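What follows is a set of structures to go through.
Here chain A shows up in two complexes: once beside chain B, once beside chain C.
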Partner chain A sequence: MAVEADSRDRFGIGYRPELLAGILANLDRLDIVEAVADDFLDHGMHLRALRTLAGQVPLTLHGVSLGLAGACPVEAKRLEAFARWVDFVRPESWTEHLAFVRAGGIEIGHLAAPPRRPATVESAARNVARAARVIGAMPCLENVATLIDPPCSTMSETQWVGDVLRATGAPLLLDLHNLHANAHNFAFDARTYLESLPLHTARYVHIAGGRRVSLGNTGRVRIIDDHLHEAPAAVFELLAVVAERTSQSLTVILERDGKYPDFRVLLDELDRARTAVAVGRGRRVPTSRGVAA
Partner chain B sequence: MSDAKLEAVLARLYTDAAFREAFLAHPADTARAAGLQARDVDELARIDREGLELAARSYAHKRSSKTRTAPATALPSSAFGRWWAALRGLW
Partner chain C sequence: MSGLSQRAATAVTAVVALAGTATILAVESLVSGPPFLAIYAALIAVLCGVLRVVARQTDPAEVPPGQWTDPYLLAYLSGGPDLALRTVALSLVDRGLLHANGPALSVAVPGAAALVQRPVEQRLLQVVGAGADARSILQSGTLHDGCEDIQRQLRQARLIEIGPARLGSGLLRSGIAATALLMVAVARIVLAASRGQHKIGYLIALTLLGLVLVFSSKGGWSSLVSGPSRTRAGETLLADMRQLFGTLPLRAGQIQPGGGTSELSFLVALYGLAAAPAFASSTLQSWMPPAHVAPAGMAGAESSSSWDTSGSSSSSSSSCSSSSCSSSSCGGGGGCGGCGS
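The block that comes next holds the complex of A and B.
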């Protein structure tokens, strides 16, 4: 029996300047484009380019530097800048990570997983509510990859992410390579993790690849989520599981941040994602009230 | 407040090699001197050392990549550029 993704499911790619020609030449194969929203957007040329792109294809803005899961309030000027970008580009949605990126006057330079405990659930909820007010829409919140188990945590990752989603009412951007990397690095089962998450809130899904690094001469290996490699088979298997266990439409976005292959290779990866979602949807059992997993 | 202080210490551990070295040599003393509560001092002393080193290297790489890949339209780090950035920050 042939399997097909739900016609409402969408598949797209992260915009990077190096991929622009491929994106524009293949708009018939892309349902959506995700653009990273970072400080450089304040230079008008980039904003105008994104607004033009948003006129061609549905676009979502992906924040990387607000630090919504930090213990301190997000700086007002960052939220106001993000609100200006949203007003100008008019994306269909915006997303951010459940991470802190600065503290005590120090810029970490990337996403750091906060200590997972009730107090950080509360601070994340306050930050998300304030961001939603300033920007005018609730963000989708993404689970992050981490190379260090966040020190001083008292909650599991699923418990913490689930509590933040419940406290904020925000939808989930489920990054499957982040999940795959964390599951490997901290020895938990990714499928069990999925069972514990409120998957009905998942609206977007990220897929990406990474690399394995050895920890000195210990024989142990950790996975770095570098977005420089093809998504591994495990990510597509998890994608099928998510498609099986959800009834809402999903938007799957491929992230690639360098070592760019021919654009056809990326389109092939998206086709693998379509197949994985179709396989998952095909596993769902028809009932008199619709389809159940 | 204690969570903000803890995140500030983590940010230093992730970005400041000298502080990280001092911490790894004397974790509890360094964490206590940074003003952390006893509960967090004990927890931090049990930090995943391999993960910490790996994360610190990864963050350093990200910071240097961002510097290298700043858009062509970004202002140079000249005195004028810093003045303009400060002015924009006020605005």
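The block that comes next holds the complex of A and C.
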């Protein structure tokens, strides 16, 4: 018997203007669209357009600039502006990265992993709680990719992410390519990482592709999470593991930020994601109380 | 003021008309000649302004719930049945179901009508049959009737309005304004007659002009004779879709013939025939009626359309400012499907 993804599992794609024709022509194959909030915020008309899009297809708003994992409190005006956008667009949810994007008044233009210490768990938890209060909904928090092991860290990434999720009660947006890239770049096992994460909090999953770059003459190769390539097989394998180890419905979103292929290629990637989730669901062992991994 | 109900709009018109009439009647015995005509002209201007503003405010601005993602529907909204049919034909050519050799169209695949889902596509393929001249069939009433389903969807969602549907409250408001003008004029004529004055020609001319203006304002009799027009919600939807597609007109050159995406359809639907990439524009050009062959670089199908964009709001023009719908690319022929209104 062929295994199928749980009917509650959803599959979608990140909105980009270049992908919109494909998105609108294939709404029967897409359950949700994710829009990067900051792409729309410089102009009122952009925001209204986003609301119109939210009227066509379930929409989740993805933040990239709040810097919830920063040591400093997120400025009130940023949160209030984000709250207005959420209120206006009415997405089904909003998400943000567990990263800092500014410090000491300087914008670093990058989603940087913070030092993994109890102190940053506390500051992130304070920021998330404040954001949830102002915006009126708890964000889903995303693990980030990093090319450097954050200095001054005293905790592992899984421990830090897990502690933040427990301290905030926020759901997890699990970016599997970020995990795949970090696992490769810092030589740890991604499956072991997944075992350590509170996967029962995962609601959204990002899949994407990146590229491998050589580090000068060192012979070392790093994976860059550039969202410009097809998701590698390892990401789909991890997706199957996540589906196997979770019982709640998952929303899987494909991220693609450039070098756009024919939309059918992206739909094929989503079909591979469906298959991976179905395979993972199929691996779950039936028990008297339901299904267990 | 936004989202005004028809009743409130009528009340506003009545209050302004009454106030204006009362004011003029109060001063009527004090002023005469050109000063009175100036005051009367001001009343006409105020009433026309009020009619225009309330008509706009009773027009819903919110895009109604539902999926408005069909390029043919957007093409109809943007440029009426002419643009919708050309978008359909272009899409069928791009998908290899229709063969275009200059203005000559023929079905490329036997039984193509059974392969398509949308009624308007089936209708076009049936009409083309073994061969037809695009210039005549795209203008034909038969095919325009094939767009009825699209028109009905747009009308039900109040994205467009068609003549009689706009009457009713609009006509009542025009009637109130006209009554006010007539009351003032009659009172003035009676007063003039009682004073033995008979130079009332300018007043009568001004009254007739005022009546024409109040009844030809949006929502008045003009609605009966003008074609379909977009509502504010229709303008909003078009502007938002253009916004969401971002730089699509600038990427037109990257669209490949037979690329299997609907980008070409959305491009033509939202930005007009002038935005079509080179491989499609020559085909589109050959489909234009001889009398309407547009200047090089554009194909203004809408120029022959009865599509009324008089209801256009500023939102559409602003959406065009950064797109290919600038006057330079349009060539002034209306090829931007409503952008330039």
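Throughout what follows, the second predicted complex is superposed on the first by the 290 of 293 C-alpha atoms of A that agree within 3 Å, B and C clash if a C-alpha of one lies under 4 Å from a C-alpha of the other, contacts with A are read in each partner's own complex, and residues count from 1 in each chain.
Following the convention adopted for this analysis, contacts are C-beta pairs under 8 Å (C-beta built on N, C-alpha and C of every residue); 3 or more make two chains touch, one makes a residue touch a chain.
Every value quoted in this text rests on a predicted model; they were computed, and no experiment measured them.
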Q) Does chain B (first) or chain C (second) touch A:Gly109, or do both, or does neither? A) first
Q: Have a look at where A:His46 lands relative to chain B and chain C in the superposition and call it first, second, both or neither.
A: both
Q. Looking at the overlay, does A:Leu147 come into contact with chain B only (first), chain C only (second), both, or neither?
A. first
Q: Using the touch definition from the top, say if A:Gln56 reaches chain B (first), chain C (second), both or neither.
A: second
Q: Please work out whether A:Phe188 is in contact with chain B alone, chain C alone, both, or neither, and reply first, second, both or neither.
A: neither
Q. Once the shared chain is lined up, is A:Ala25 touching chain B (first), chain C (second), both, or neither of them?
A. second
Q | Which superposed partner A:Phe88 touches (first chain B, second chain C, both, neither) | A | neither
Q. For chain A, which side has the bigger count of touched residues, chain B or chain C?
A. B
Q: Would you please give the residues of chain A that touch chain B in one complex and also touch chain C in the other complex?
A: 45-46
**Q.** Touching residues (chain side chain A, partner chain B) in the complex
**A.** 40, 42-43, 45-46, 70-72, 77, 100, 102-110, 112, 114-115, 117, 119-120, 123, 146-149, 151-152, 185, 213, 215-216, 218, 220, 222, 224
Q: Report the residues of chain C in contact with chain A in the complex, numbered from low to high.
A: 63, 65-69, 236-237, 239-241, 243-248, 251, 259-263, 265-266, 315, 318-319
**Q.** Residues of chain A that touch chain C when the two form their complex
**A.** 15, 17-18, 20-22, 24-25, 27, 45-46, 48-53, 55-56, 262-264
Q) Along chain B, where are the residues that touch chain A in the complex? A) 2-12, 14-16, 39-40, 43-44, 46-48, 50-52, 54-55, 58-60, 62-63, 66, 70-71, 73-74, 88-89
